[in-house]
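A short write-up of the structure that comes next.
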Amino acid sequence: MVDALSEKSRTAFIFMDFQNYILKNFLPPERAQQVVEKAHAVLEAARQSGCLVIHVMVCFRPGYPEINGRNRMFSWIRESGMAIPESHEIAIDDRMAPRPEEPVVQKRRVGAFGSTDLDMILRAQGIEKIFLSGVATSHVVLTTFSQACDLDYDLAVISDACADGDETAHTFLTETFFSKAGDVHTSQAVVDALKK
Amino acid sequence: MVDALSEKSRTAFIFMDFQNYILKNFLPPERAQQVVEKAHAVLEAARQSGCLVIHVMVCFRPGYPEINGRNRMFSWIRESGMAIPESHEIAIDDRMAPRPEEPVVQKRRVGAFGSTDLDMILRAQGIEKIFLSGVATSHVVLTTFSQACDLDYDLAVISDACADGDETAHTFLTETFFSKAGDVHTSQAVVDALKK
Amino acid sequence: MVDALSEKSRTAFIFMDFQNYILKNFLPPERAQQVVEKAHAVLEAARQSGCLVIHVMVCFRPGYPEINGRNRMFSWIRESGMAIPESHEIAIDDRMAPRPEEPVVQKRRVGAFGSTDLDMILRAQGIEKIFLSGVATSHVVLTTFSQACDLDYDLAVISDACADGDETAHTFLTETFFSKAGDVHTSQAVVDALKK
Amino acid sequence: MVDALSEKSRTAFIFMDFQNYILKNFLPPERAQQVVEKAHAVLEAARQSGCLVIHVMVCFRPGYPEINGRNRMFSWIRESGMAIPESHEIAIDDRMAPRPEEPVVQKRRVGAFGSTDLDMILRAQGIEKIFLSGVATSHVVLTTFSQACDLDYDLAVISDACADGDETAHTFLTETFFSKAGDVHTSQAVVDALKK
């Protein structure tokens, strides 16, 4: 899956939206606990393997200048007060916390590639293959998957390092949808492959 | 839904991938027949209403210079010979054929906004609300919906003017997914609203 | 130039690359002093007028993951050690320092619109007209001007709130080039118009 | 400059806006004649070398739906009647006419990378180095140069295969500006290198 050294230098692991307010508001507590454990195991293995690790988060500047009144979802997020800029809620969960040398990409919408420098970083680093994990499966993971697909990245989704408040959506996406244009692996399979 | 005159001047109807090779290869014949009928009814009503009508198609230049070997889906489309540049197969279905004054946007990947001038046209025309229909629901419609959502368009999907070879995917998307960030209407409801 | 209230709500002032390392390395000290004075006067007037104020800076994450070895200029900047992430050198000059409510856009290349959320913010805020100032005229100002022009913004450059180590380039751009596709004003004229 | 075989497969030559209405309206007749001769010599040599050849043109759909009323330059072009869609005027000059297998990229603004699939094609073909030529130097060449630079392409401009109605602008750009971030070569030097 990711064996040779040359392949590792062209591979990135992208961890998306593992932020306190998202885990708390969009997942049942047990599900949040579980997905962070799985994602954390992959994060540690990716770090040890030397692959590029990138963190993505959805956050805003004071006053939310990025939010367009026509965007229903983000207008609602702004009004809800759940995503206060620079609050503890907006921070990435402690277990998934970025190390200083790991790029953190701040996004303002669902997909990680829109209006960010994620594609620029991946190109600058010669990355061709990316492994996606995040919360929620039918939001950041789905949209980022579609974007990455159209940008011609070789794609894999780590199924149990993704989660969604809507289990039907999660199951449909990880069991049927993603495999049409990419690979789908369990976190255990990815960790095993990285340790080879 | 689309009433006032001022709203009509800010509304566009986008018909996507109603091309012979897509209808033939990705839908059962009856389903193809049916979705074209529904989409055609909307197309006619949109034309009469004076709303902007845009057609989107997925096609390639001779030699397929746009296709990246890393992109599995499009490599397969190229190899299959189903999408020969400038062939009859690549053309839009006769019933959905663009009129000379209706912009046709040629895309090379799944989503209609990537590497095209669709957003440029919509901005130039002052469009804020867009109605999407197309084949397949889980391909062009889903990816374009996600892109348009992150670009802050006010969005509606016309459920039965979309179709997918995978009925489960179609049902999940039109009954659960799209309504989280946009409206979902039947073609009949849209036609009725346009006639007001 | 910027009179009516409705116009002010659609106007933004963008101050670009007024950072310590740029003022120090790319301009003679007197020129740096002078351009900051002019830009500061505009900044204060724009704040008082209620127009949107945006700051743009060019900076990098630890380890410079954004820099591509093929990019000569940015490889050189990285090697020079002049743009150490999070250093005092990378900070915006004290006199031009952003207020908490003013968006700061971090870019990684020359132009302010590439791989950033600047266009997203401007669209979200309904901005149609933008006033540009920055250092250097033939770098960030020129490239951002070209990008903004192709994005259909109504454009003005504030000539003496821009500066360049190459005076010939500055003169050519502010006296001949920018006026072909936008307006060129002095800082005094802009300040006067804002006070009306 | 472009020697080894491996380098040739990663090199593209891009010929921009050599269209009848641009040569006729923006250059004196002698200058137009001369620049087409130089560009044609490069075009022939590039074809023989096996490097990728791409043509770029600026054109519009019937009714100019791409043109935004806020864009002064393109509003003027539309009003002038010089760029009628699908007219002889809009066509590429006969001597520079694309061969069927050479991609033609249609753009709607100044720069060749904005809202087009040029970057997609270059990435799909593994291109890293690009040679630019076109009319006018201070329009399509300058903006495309800036865009390509920020996209990390290894860049060269072919000085006498570019021309501008404003000779001062042409001289400034080809003698001073482009060399700060790329190479500048004469057409003769490029033809000689390609024949090696």
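The letters A, B, C and D name the chains in turn, as written, and every chain counts its residues from 1.
Everything that follows uses one rule, which is that a residue touches a chain if its C-beta (ideal position, glycine included) is under 8 Å from a C-beta of that chain, and two chains touch if they have at least 3 such contacts.
Treat the numbers as computed from the prediction; the structure is a model and nothing was measured.
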A-D or A-B - the one linked by more C-beta pairs in contact: A-B
Identity of the chain that, by mean CA position, is farthest from chain A: D
CA centroid of chain A to CA centroid of chain C, Å: 32
Interchain centroid distance [CA atoms averaged], chain A/chain B, Å: 28
Averaged-CA centre spacing for the pair chain D and chain A, given as whole angstrom: 39
Of all residues in chain A, the ones touching two or more other chains: 68, 109, 114, 123-124, 152
Of chain B, residues touching chain C in the complex: 123-124, 152
For the chain A and chain C complex, residues of the former touching the latter: 52, 61-63, 65-69, 100-101, 103-104, 108-109, 114-117, 119-121, 123-125
Chain D partner contacts - residues on chain C that touch it in the complex: 68, 70-73, 109-111, 114, 128, 138, 142-143, 146-147, 149-154, 166, 168-169, 172, 176-177, 180-182
